[in-house]
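What follows is a short report on a single structure.
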Amino acid sequence: MILTKKDVPNFLDSLKNNYQVFAPVKQDHYTEFKEIENGADAVLDYSNTKTPPKKILFPQSEKLYCYKVEENGVQMEEKADEQQKVIFGIRPCDAKSFTILDKVFDNNKYQDPYYLNRRKNTILVGIGCNAPESTCFCTSLGGGPFDTTGLDLLLVDIGDCYLVEVISEKGKNMLTSCKEAGEEDKKKASQVKENATLTTSINIEGIKEKLDNNFYNEIWDYISEKCIGCGSCTFSCPTCHCFDIVDETADSGGCRIRNWDSCMFPLFTLHGSGHNPRPSNKERFRNRIMHKFNYFVETNDITACVGCGRCIKNCPVNMDIREILEEIQGLEARSVS
Amino acid sequence: MQSITTAVQNSAKKLLEENKVDVVIGFKKGTIPLRSTPVFIRDSNDADKLEWNYYCENNLANYLRNKDQKIGVVVKGCDSRSIVALMKENQLTRDNLYLIGVPCSGMIDRKKVNRIIGDKEILETNCNEDSLIIKTKDSEQTIKLNEVMHNSCLKCNHKNPVIYDEMVAEPVSENSNTDFSEIKEFEEKPAEERKNFFIEELSKCIRCYACRNSCPMCYCQECFVDSTNPEWIGKSAENVQDNLFFQAVRVFHLAGRCVDCGACERACPMDINLGLLTRKLYKDTTEMFNTEAGANLEDAPALSTYNMDDPQPFLLKE
Amino acid sequence: MNNPYLPIPMKLIKNFRETDDKLVNSFTLEFINEEDKKNFTYTPGQFAELSVFGKGESPFGIASSPTEPGILKFSVAKVGKVTTSLHLTEEGTTLGVRGPLGNSFPIEKLKGKNIVLISGGFAFTTLRSLATYILNENNRGDFGNLTIIYGARTPGLLLYKEELAEWDKRSDIDLHKTIDKPAEGWDGKVGFVPQVTEEVAPSPENTYAIVCGPPIMIKFTMPALEKLGFKSDQIIMSLENRMKCGIGMCGRCNVGSKYVCKDGPVFTRAQLLEMPNEY
Amino acid sequence: MSANKVGAVLVVGGGIAGIQATLDLVESGYYVYLVEQSSTIGGNMSKLDKAFPTDNSSMSILAPKLVEFGSISSIQYFTNTQISEVAGEAGDFKVKLSQTPNTADTKVCTNYVTPVELPNAGQDISGDDNGKSGDFEVNVGAVILCPGGETFEADQIEYLGYNKYPNVVTSIEFERILRTSDKQSVIRPSDNKKVNKIAWIQCVGSRNIRDEKHYCSCVCCMYAIKEAVCAKQYSDDEVDTSIFYMDMRTYGKDFEKYYEEARDDHGVNFIRSRIYAIEETKDGSNNLLIRYGDDKGEIHHEEFDMVVLSVGFKPSDSAVQLGNNLGIKLNDFNFAETTPFTSVNTSKPGIYVAGIFGGPKDIPETVIEASAAAGASEELLSDVRGTMIQEKTYPPEKDVSGEEPRIGVFVCNCGNNIGGVVNVPKVVESAKALPYVVYSQEFLYTCSQDSQEIIKQKIEEHSLNRIIIASCSPRKLKYYFQETIREAGLNRYLFEMVNIRDQCSFVHMNEPEKATEKAKDLVKLSVNKAGNIESLNEAPVNINPKALVIGGGVSGMTNALNLAKQGYQAHIVEKSDRLGGNARRISTDFNNQDVQSYLNQLVDEVNSNTNIQVTTQASVSKVDGYVGNFVTTLSNNEKIEHGVITIAIGGHEYKPNEYLYNEHNAVLTQLELEEEITANNTRVKNAKNIVLIQCVGSREPDRRYCSRICCNKSVKMALQLQEMNPDANIYILYRDMRTYGFNEENYRKARKQGVIFIRYEVDNKPQVQTDGKDLKVTAVDHILGENITIDADIVGLAAAILPPEDGIKLNQIFNLSLSDEGFYRECPFRGSWGFSHKEMRPVDFASEGIFVAGLAQGPKSIDESIAQAKATASREATILNKNSAKSSGIIAVVQREKCAACYTCARLCPFNAPRIINYAAEIEPILCQGCGICAAECPNKAIILQNYSDVIFTNMVDELYREVH
Amino acid sequence: MEKEPKIVAFLCNWCSYAGADLAGVSRLQYPPNVRVIRVPCSGRINPLFIINALRNGADAVLTSGCHPGDCHYATGNLVARRKFALLKNLMDYIGVEDERVSFSWVSASEGTRFAEVINKVTERAKKVGPNNGLFNKESGCGGCNQ
């Protein structure tokens, strides 16, 4: 299928009739996913959004339910988001991240209705990366600039128009008025795909085992040394999903709210007794790496990283996960103490 | 720049070889353009990793508290002032520090560069005397350094360290008086406009607390944001009012202690203009109480002292 | 989809001061809805999230036993905002309960075995659940000898004093109460739990030891048990990491790849030895 | 002296002096009867708007003292009462008192609002606690007279027009105008018009030769300046103020600066002049025309909107009668005469005087004398200390910690004072609905005795563990109710008070509904707070009953001796090799009393007293600990453990750089000249012309203070010199003659006897020249405007008194407050929750347990030093008489785990209570006054002010704005 | 009818609270909108108290202590003064209406002045209207009151 660039605004506007439409929009000198007012606001020629689109399905703050304390008990009201959504122009890495989050919110015992509902009602229209950034390393994690994992449609920028690859039935149903792609277009598309090469790759092979064997390695003391313990890596990570649940009260009622939290914060694991199983940056940082490249692999058979590079760009002290993984790769396996 | 780099390396090497320090904290080359990154050098052979350039933006005073080692640290003006401020608050012992003083010509603000070149990836950069050359995939652009210098650096009047054990280069000339023009300009704007500006800015906040954690002076065991009893503030980043509340209280808490190093603003992943807040307090403490945080070891922090004739413009007009 | 975040309403029918340091109270809650009562089936060792509306929720081990129908019981130490307001909650107030959560003591595995329960301070809660379960006339026959070693700093700090007194009278239970220092009128043992454990010297033969207590007690009880010949898969413990969601999603209670809330809180010592020491 | 001493003291007069003496005595273990002839306590001070020189408001100083009266059980006070007869002797007096019945109904409301006369203040006055009336007798060991004084009747000087023209007022009347002003304008009596131009006429009734009131009233110059400044500050419009004076006598500590600021910064006009007449203008405007002669004798006329007469003080008739009744000696002006070098002893043993009755003086001096008189009484009665007072016993305190709050709310109708506006039943109802409130009730008068019984009963009946009284101000009745709940077995701090009278019914009289809403809200706030407050302990601390006295001059020795005679140990540390200090160089005092024989006697007494230890040639090198438990290390490494510290390190004489001092051997300082006079030196004896130059080094830009005593001393020496050689010409070159008080007598005498007084201007100082042999002094005669040259044989320089040489050094150890000049700055107006009650503390420092006496605090005469030393001893006795003291319950505590040891608290605490120990702050409970500065400033909020915590305040606000739908 | 502003006032125990007492016994009439919270000293005021009040919906906040030099604790208000100066400037700067936050010094003898301050503060609160502005957490959980 073919979608011409000039038709995109109209296309998005028409989608708005049935969907909440999210797309990258310009903000300051970067782009962010926002619900768009006008189709024309969508910017598809962007490098990568500042924060990942996970906030659309898993908002930084969301009400789980509200309650009112009354004379004869408590009235509870569940908050549910049933709106149909389209995330338009999502990068393949971000799309892939949802398949990882799926495993978080639907574990072997419990299902999180908030995320899963939204996920079910959301169509992902991806856009391939003609020019991956230097901080991108998606290919090292099994993805790629035109990877279709998790997507319903994938757009490939071939100049004046996008070649639309249909990946799911859901996606196909959206494309009512698009013409078929010609051979020329298809050729262009494969040309584009070929040109899109990544400059960075890291070797993820065997990293889980390395981590298994080096939990107590002193390297962790040094790796984490410059970390200042903020949450900017976790908040800009498309797969990080830690959260906190708090009550906010007003008048006689209140709401139970879930907010993103970060495993990098000391309070995250602090016991009421004052004991903290992960008392310093070292343990917290180790846990973050372990979680993504070891624990998650162990439980879900997939690495909880898509190689989007945001944590590298957003880190105030330029901690670079690629360097860290390289260092771990360089370790001689040592036995657990 | 290169000569400073060499001098820093030599100094670090010597300190480590002579066992005068256990570790030297400085900067090494970053992994992406426009970045340097803090580094901890323990082996004199690694000293040549150290470098000095326009990207050494972090405040290294942040790494000095609660260490029982003898630390050599590369300090520019603002780092040294933070160290002074921390010493006044009994957080650092001078004897445990060896300060390698570097005259600072300012640091480049990545945000400003990005605003100029737009949403294009920077592949390579180069600095000469007074300009920055930016290479992107399909262009090369030369920008005057002072156009992309960080605001706090442009206004800085302590480019040279205020205390040090050695200076690795000749001091640079200092701005003679403090320039608060941008704050004054902002103060002149209508209240509504100021409010809207901050609301707009703080709507970007994701509460990652990078601003707080990057600040050497933010060392409270329990930040007021994290306090549950009393619970001063909501934790939800979507409450812009609370985000502003957080920033207002944060900068207020730093009043008279903040050396205006700009680390918080540089740390912000969301590029929020925090300088407009920190610098306001910096201006007010300077103007009203005639003190400069961290400028010397003698003066008590502005809010830890008082004068009989302090101004009281805040009183209800009668 | 069943929403695991929604609590069921329960009525606080008893707010009882357990310890004379005034830090631990026991709370008895009654189901308000018949259906909830039916659906809430649990096994000793499980926990639940208790909500004080307007203040938040916290996880607590269930101290009651499934053999006590219609109610749930929790014993809560006053440490933070939720627990403090819980302590001040008037009887009759509606609270929220979410659960049962977590795994439980491996009842099936324990059947036919001798059971040694070792505990100190206010960590006795889920062991009370288990003991009550075992001592129930319908279940008592399923288990072998029941030995309880339970200590506290002073007599006033022991939980469930009345029940302990009743158990003391029973012949099908070998109860050893101990306190740290001699006190007037005290008829039990004097000494720390690990020391008393060695004295009592339960046989490891066909036995499981279930140990809940403060870190320091655990630390010294383990070698004592080892000395007595308990293998690490004969020792069962319950972890108390900080939890929020209780359903393995929020990320804070993991020890290695295991979430204490979902995969625990009950682990054998053998399992714990395999896990990083982040608890 | 009686062998059967009585441990009680009668204090006559309920002004500031009486109050101070009473509180000191009570705190030191004596029972006090306080007798006041009027119906209220408060005295003259309560009539003032502000007190100079700090411009503290009088009420804020006085009010806290008054509050205490309700809660102290060893005071009995009688208003409307006079002394009719005194029998017995020192140690055992029997005093007959007669009381006229009080009109106010004292049975129902014990809340005297304030003794100050207030506009529309209603009926809430008075406060006898015994209902006695008629004649009765008390048995006391000592009597302290502080009946105060009254102002001169200005209408006796006809040409001033007082009582003739409505806009001529006395200064006391003007205080009232200021006090009741709207602080936007000053209104004059004739037509309530704003005034724009005011004159003050000084020395009305003082320094008046015709009227035989020769003495100077001491305070008028300062209060006139203060009033002139206030008049300007209280007016939105520009107000022109002029002070017509003879000599500006701003001789007290910090007064000179106050004068300069009034003149230079505030623009008050000072006109040196003689007043001839004050008349109304003829235009019917009621304005006033002042006719005066300036210092050149020229006549001027000037019109003013209002004229204030700075009236002087005199003893009241009743005070004179009292003096006569008691048989004490009065001086020529009917003031009580004191015996030499005692400052407070009257001619009759066991009877002491303090305040204006002993001579005109300002408030701090009055308070010092009051303490000194208390100190003297304590010395007399030391062996019967504590015999008349009883420790009250209470039931054991219930432990309510961890209990759910059970709050009782008692709402006062106040005999319709509240209920007339606020719907009290509704307030009671709304209180009942609040969380944790288990009982609420209305009272007609919550403060009546009956109500106290009911409150106790309800506490019992409902197991209440937090009590709230909604009535009037906690500032007045908090202690009273706290006593009640303590009697009911509850900790005193489980109490909250809501002021629904002064904040609701009295101020919203026309909006009853809104007043009721507000009252409900205030109760809600209080209930919320009550839910979070806890029982507090008053941490005990042992008191070492020993004083360390630094400095062995007259002040130090007097202080030590007074303490020793009270039975406490004292250790004097003297830097030089012998005791005596500056007094060694003085022959006689201003009253011609022999200083040396007094000094020798004092030294003998000190040396022979077994309670006193003396270490000479030593200084303090280190002080550890805190009040009650200091450990001081001396320079000789001796360690002394003690409970209090007296700093009496004296001052020293300025060595001039001017007037050829050091260049010509006939130019001497005052002390040097005095030594030559004492030695009867021939060159002095034979001198023909002697010139004494005043203000040498004083009142100069780098020493902006008056050295206070030099004028008196020069005049005294002039008289001495004249006696030695009646033919000598003696010249005194001066700027303002500051012979304050009765010293004016000497000044008058000197003038009469031919001492030549020549005034000079500060910008035209006298010249002293020499040709190498002879001295010539040139000065300008201010009347003739011509130069006068004197061939001087001796030039005496009234050199400034400088602060103690060791002040700054010593202060590095003590960290006390020094004035810009280097004198110790006492902390006069601070409350203390620990030892002393809230009162004026003219010899105290902010740091508890450290006191100052003598020149170290500022220039003063021997008598004044003695008074201060005794006052210091009296203040110290309030601490030393206790075996142990208790901290306040409301103190700050540190949560160690949060503390970063950043020193913020240590830097900011006015009381040096926090110190850093092992990387965390610790707050010494006994030093903590509960202000909460540290709690507010602690960056990490590691410090909590108990029962005033952040949690409490935020919860209250949350509660206030939580709307219930 | 327009909603009456509800104002919270933090008054120091020794001067301003006493000034309120004096206003009371002097029967001075002033608007009934202010709710007084007594603090030991203006030095006890944590700036967060003021912001917290606004956050909770206070229409205005008044803070009052002893005149400088008059502090019962000698220097409490001097310490507070620096804080207040900075705080007020900051609030202004970020766009909090001037009328929301007021400071004054009122001594124990200034009953009249106390009444005037309350008049003024109330007037100002009315002028600026209900607090929907900065720091008001709104109804933190908007949806739960429907």
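Lettered A, B, C, D and E in written order, each chain numbered from 1.
Basically, contacts are C-beta pairs under 8 Å (C-beta built on N, C-alpha and C of every residue); 3 or more make two chains touch, one makes a residue touch a chain.
Note that the structure is predicted; figures quoted are calculated from it, not measured.
Undergrad: Most remote chain relative to chain E, going by C-alpha centroids?
TA: Farthest chain from chain E, going by C-alpha centroids: C.
Undergrad: For this structure, which two chains have more C-beta pairs in contact than any other pair?
TA: After tallying contacts for each pair, the winner is D-E.
Undergrad: Report the most central chain, judged by the distance from each chain's C-alpha mean to the global C-alpha mean.
TA: E
Undergrad: Among all chains, whose Cα centre is located farthest from the one for chain A?
TA: The chain farthest from chain A, judged by C-alpha centres, is D.
Undergrad: Report the inter-chain centroid distance for chain B and chain E in whole angstrom, where each centroid is the mean of the CA atoms.
TA: The separation of the two C-alpha centroids amounts to 35 Å.
Undergrad: Need the CA-centroid distance for the pair chain B / chain D, whole Å please.
TA: 51
Undergrad: Using mean CA coordinates as chain centres, what's the gap between chain A and chain D in Å?
TA: Spacing between the chain centres: roughly 72 Å.
Undergrad: Using mean C-alpha positions as chain centres, tell me how far chain A is from chain B in Å, no decimals.
TA: Those two chain centres are 31 Å apart.
Undergrad: Where in chain A do residues touch two or more of the other chains?
TA: In chain A, residues 67, 244, 246, 248-249, 251, 254, 257 touch at least two other chains, as defined above.
Undergrad: Got the chain D residues that touch at least 2 other chains?
TA: 183, 897, 908, 937, 941, 950, 954, 962, 965
Undergrad: Give the residues of chain C that touch two or more other chains, as numbers and ranges in rising order.
TA: Touching at least two other chains: 80.
Undergrad: Quick check on the complex: what are the chain E residues that touch chain D?
TA: Going by the criterion above, the answer is residues 4, 6, 8, 13-15, 17-18, 20-32, 35-41, 43-46, 48-49, 52-53, 56-58, 66-67, 69-70, 72-76, 79-80, 83, 107-110, 112-113, 115-116, 145.
Undergrad: Can you check the complex and tell me which residues of chain B touch chain C?
TA: Its residues touching chain C are 228-229, 231.
Undergrad: Chain D touches which residues of chain C in the complex?
TA: That would be residues 17, 22-23, 78, 87-88, 90 of chain C.
Undergrad: Which residues of chain B touch chain A in their complex?
TA: Spelled out, the residues of chain B in touch with chain A are 30-32, 35-40, 58, 62-63, 111, 114-115, 118-121, 123, 137, 204, 206-210, 212-214, 226, 234-239, 266-271.
Undergrad: Would you pull the chain B residues touching chain D in the complex into a rising list?
TA: Spelled out, the residues of chain B in touch with chain D are 88-91, 219-222, 224, 227, 229-230, 232, 253, 300-301, 303-305, 318.
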